[in-house]
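In structure tokens below, several structures.
Both complexes below contain subunit A, partnered by subunit B and then by subunit C.
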Partner chain A sequence: MLSLFLLLPLLGIIALNLPYKGKKDTVALLYVLLLSVGQAIVVLFHPANFWHMPDFWGRFFHLALYADNLTLVLILSIGIVMSAAVLVAWQTISESKSRLNFINLALVALIGMNGTVLLTDIFSLYVFLEVTAISSFILIAFQRDLNALEGAFKYIVLSALATIMMLSAIAALLLFSGDTSFASVSQAVKNNCCNPIIIFAITLFVCGLFIKGGLVPFHGWLPAAYSAAPAAVSVLLAGIVTKVAGIYVLIRLVRDVFGPVGAINDILMIVGIISIIIGALAALKQDDFKKILAYSSISQVGYIILGLGCGSPLGIAGAIFHLFNHSIFKSLLFVNSAAVEKQTGSTDINKMGGLGAKMPFSNASCLIATFSTAGIPPAAGFWSKLMIIIALWQNGYHAYAAVAILVSVITLAYLLAIQRKVFFGILPDELKNIKEAGIWIVLPAATLAIIIIGVGVFFPFLFNSFLVPVSNFFK
Partner chain B sequence: MTNDMSQLFWMCSIGGILVFIIGIYCILVTFNLIRAIIGLELLTKTVTLFLILAGYVTGRTGLAQALAITLIVIEVVVIAIAAGVILCVFRHNKTIDVKLLRNIKG
Partner chain C sequence: MTINIIIITALVTSALWTAMTVRLLRSAVGLAITSAILAILMFRLCSPIAAVFELSVCAGLIFAIFISAITVTGRITNEQIVLKKKLRLRRFWLLPVIVIIAAIVLTQIHFHAIFNLPAQPVENNVKIILWNMRHLDLLGQVVILLAGAFGVVILFKEWKND
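Here is the complex of A and B:
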């Protein structure tokens, strides 16, 4: 019944836009929450008759859908982040019509992301990437102020360039494979592995994905888009959209379809390490809450790429685990920034201070997310970074491992700077009357914080039941 | 590949590459938002041509047609959204100059 992941949101969009009166926005909220929590539950409890039932509806669409362990991880994170983002939107957007628009676009993004992770065809992959990108263009420009338009336009231009690169690569691969399914492309790459056109095509495709994922030579759009977008959209974009559109596709194609062609592992590692360093250093000198988080996102994605480029099963498992952790802690940090932005009306961290006493939940959850991002033991992020660093060390990349550890310290530095300037310190007079953000921001923040701590504490159980199967898949 | 096919292939490739270069040049030199998306359109048209060419060479024209039509549909949506964004920018700035769209410092 895999096609339900695509059909139910589509059905929702159609039903929500029929011309009838009523409390459409409440119904829409409940529907999208049902879908996103539902898909997380379907992954967690894994009812066998759901996953193995013959796909009745899919027959009409000729989509070859397939779910393996990597897909399951991504579907779980999509569900979690989507529900958090929708709840934050419910709190931060007050107008009923805007709420409805947001939820419609979120459903489009849900179709795009679910399709991207489920499909096994290189051209359909492009179609669903574009569906995701289109909904995020509109979401970034949601409030139509000049900064948001600038962020959206940058994203449109760079995303279109990425698309053009990927399509040229698809055209070049089509010359050899004659078909666009993963299996035939993989076969064609294996048969002509030293052909310069194939190498060129793969390099183009990977560069396109670097743009989509916001890695360092191509990261120009990312801080603008993240910081100008409305709070809830930042949660969605940083948490899951760019991770699915860039990083998931990269993992899938490099590990599953292209295989270790040419120097691709070296390219991945170099881009990863540059992203880690430049993202962290750029984050240090920012004084805007959301911009720090945006650069931090670049830096953390670098860790994922580094683990992927390392090539050993442990490294890939670490990369996938860090992908999951990143989607959780980065959405939590953006939920906290949404809470601060909603209550103080600003994202400039120099104008704040002492909010911790007034906003205890945001304070505590932000601290937990900081620990997870920087890799401090009880939190989940520690384990994934540890796996990546051990994998690097085992494969002889000692310098990369050392840099990865050092940059962890810088990560802690800029995130603690947020913590100190926003939540600790002295409360300025103009912020005396501040209160904790509403329940729909506190609830997702608390849930995400519990997930971080829970995954971190129960990691030894997860390692054998969850992460080892993920990495075995790639052998 | 027959002689005719080969000639057509090379003509289309060289023409495509020329259009591609024009598109890149258009994006790089212009300060006009509309011209920037015209440049993007040129690039996408080249890619469509390449896809059709790949289908022609491998003898799978049916597949190539399906891909090209899908590509055209998606491209129209992207360009429509870009045009919408440009329209909003114009309402704010009363001009479509890229230089006024550099507020966010990274």
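Here is the complex of A and C:
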């Protein structure tokens, strides 16, 4: 029943925009929550009825979709982050019409992301990446203020460049494969692995994905887009959109379609380590809560790319695990920034202090996300970073492993700076009447924090039941 | 071959005009014309899937979005137009020169001789391609159109109303 991941959101968009009167925004919220939570549940509990039922609608619409273990990780992450983002939107967007607009676009993004992770054709992949990108542009500019428009514009320009690169690469690959399915392209790459056009096409495609994933040196759009976007959009973008559009596609294509062509692993390692360093150093210099998180994203995505470039099953499993962890802890940090922004009206950390006593849930959950990001046990992020670092060490990349550990200390420094300046210290007079953010922000924050601790504590069980099968998929 | 060269010349000319013209509306029209000419070229080069997407998304949807955006911009005076024209010419005078040099260089390189690309069987019937072979792309295309429509409503129509 894989087609339901695409058709149910589409059905929702059509139903929500029919001309009838009523509390459309409430219905829309419940519908998108039901879809995204349901999406996470069918992955977690794996009901045989759902996965083994004949895909009637898929056959009716001739949709060739495929799900393996890697897809399931992404479907789960999309479900969790989408639920958190719509709840934050409910709390932070007050106007009924704007809420409905947000949910319409979130459903479009859901179709785009689900399609991207479920299909097996390189051209369809491009089409669904565009679906995701177009909904993201509009979501970033949603509030229509100058910063948001600037952020959206930067994203459009760089995303258009990535599109041109990927389309050109697809055209060049098509010359050899005669078909755009993953299997045909993979076979064509194997048969012509030394051909300069193939190498050029793969390099072009990978560079396009570096732009979509916001990796150094193609990261220019990311801090502007993340920090200028409305709070709920930042959760969605940082939590999952760039992970699906850039990093998932990179993992899928590099390991499943292109294979070890040329020096692709070396390129991944270099881009990964530079992203880790530059992202962390840039985050240290920021005073804006969301900008710190944006640069931190660049750095954390670098770890994923480093694990992928390492090439060993442990490295790849670590990369995928860190992809999942990053989508959870970064979503949580952006939910915390949404709580602080909603209550104080600012994201400048120098203007804050002592909010911990007034916002205890946000304080505690932010600390848990900080530990996970910096890789401190028992948070989930510790295990994924450990897996990546052990994989690097085992494969002889000692310098890379050392840098990865050192940058974790820098990560802890800039995230503790947020904690110190925002939640600890003396409360300014103008913030004395601050209260904890509303239930629709606290609820996703608490859920994401529980996931981080739960995954960290039950890691030994997850390692054998979840991560080893994921890495085996590449063999 | 001669027709293709004429089409390529028209394509480059309209692309240059799109980049160098001062008025936004003319630039948007130029983009639509460029896309339409590119679609014709794609049809002639036996790439109907690409042609259909180029025509519907670039010449259709993107043009509609640009026009919607332009309707909310303000007018500029004739003096400003003259000034902008001068600035545009100063900034982009090298562009046609680069295009001509690139065209000369490319005509001197024989790609087929270097790479010896294999010929691929191509399905030419657009109806068969869209309805029998590329259902997922068609679904994606429908969703892109929906997203474009939301974009126009949220960013332009409601903005104008505000």
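Please note the rule applied: the second predicted complex is superposed on the first by the 474 of 475 C-alpha atoms of A that agree within 3 Å, B and C clash if a C-alpha of one lies under 4 Å from a C-alpha of the other, contacts with A are read in each partner's own complex, and residues count from 1 in each chain.
Operating definition for what follows: a residue touches a chain if its C-beta (ideal position, glycine included) is under 8 Å from a C-beta of that chain, and two chains touch if they have at least 3 such contacts.
Just so you know, these numbers come straight off a predicted model, no measurement behind them.
When both complexes are overlaid on subunit A, subunit B and subunit C end up clashing with each other. Within the superposed three-chain model, A:Gly220 lies in touch with subunit B and out of touch with subunit C [touch as defined at top].
When both complexes are overlaid on chain A, the residue A:Phe153 reaches subunit B alone and has no touch with subunit C.
When the two structures are aligned on the shared chain, A:Gly178 is found in touch with subunit B and with subunit C. After overlaying the two complexes on the shared chain, residue contacts for A:Ile164 are found with subunit B alone; subunit C is out of touch.
Contacts of A:Ala282 after superposition on the shared chain: subunit B is touched, whereas subunit C is not.
Judged by the touch definition given at the top, the superposed model places A:Asn195 against subunit C, while subunit B stays out of reach.
In the superposed model, A:Ala228 lies in contact with subunit B only, and not with subunit C. When the shared chain is aligned, subunit B and subunit C each come close enough to touch A:Arg144. Of the two partner chains, subunit C is the only one touched by A:Ala64; subunit B is not. On subunit A, the surface touched by subunit B in one complex and the surface touched by subunit C in the other have residues 123, 127, 130, 134, 137-138, 141, 144, 171, 174-175, 178 in common.
Per the touch definition, subunit C reaches subunit A in the complex via residues 49-50, 115, 117-118, 120-121, 132, 134-137, 139-144, 146-148, 150-151, 153-155, 158-159. Across the complex, subunit A meets subunit C through its residues 6, 10, 13, 61-65, 97, 101, 104-105, 108, 111-112, 115, 119, 121, 123-124, 127-128, 130-131, 134-135, 137-138, 141-142, 144, 171, 174-176, 178, 195-197. Across the complex, subunit A is touched by residues 27, 33, 36, 40, 43-44, 47, 50-51, 53-55, 57-60, 63-64, 67, 70-71, 74, 77-78, 81-82, 84-86, 88-89, 92-93, 101-104, 106 of subunit B. Subunit A meets subunit B in the complex at residues 123, 127, 130, 133-134, 137-138, 141, 144-147, 149-153, 156-157, 160-161, 163-164, 167-168, 170-172, 174-175, 178-180, 220, 223-224, 227-228, 282, 291.
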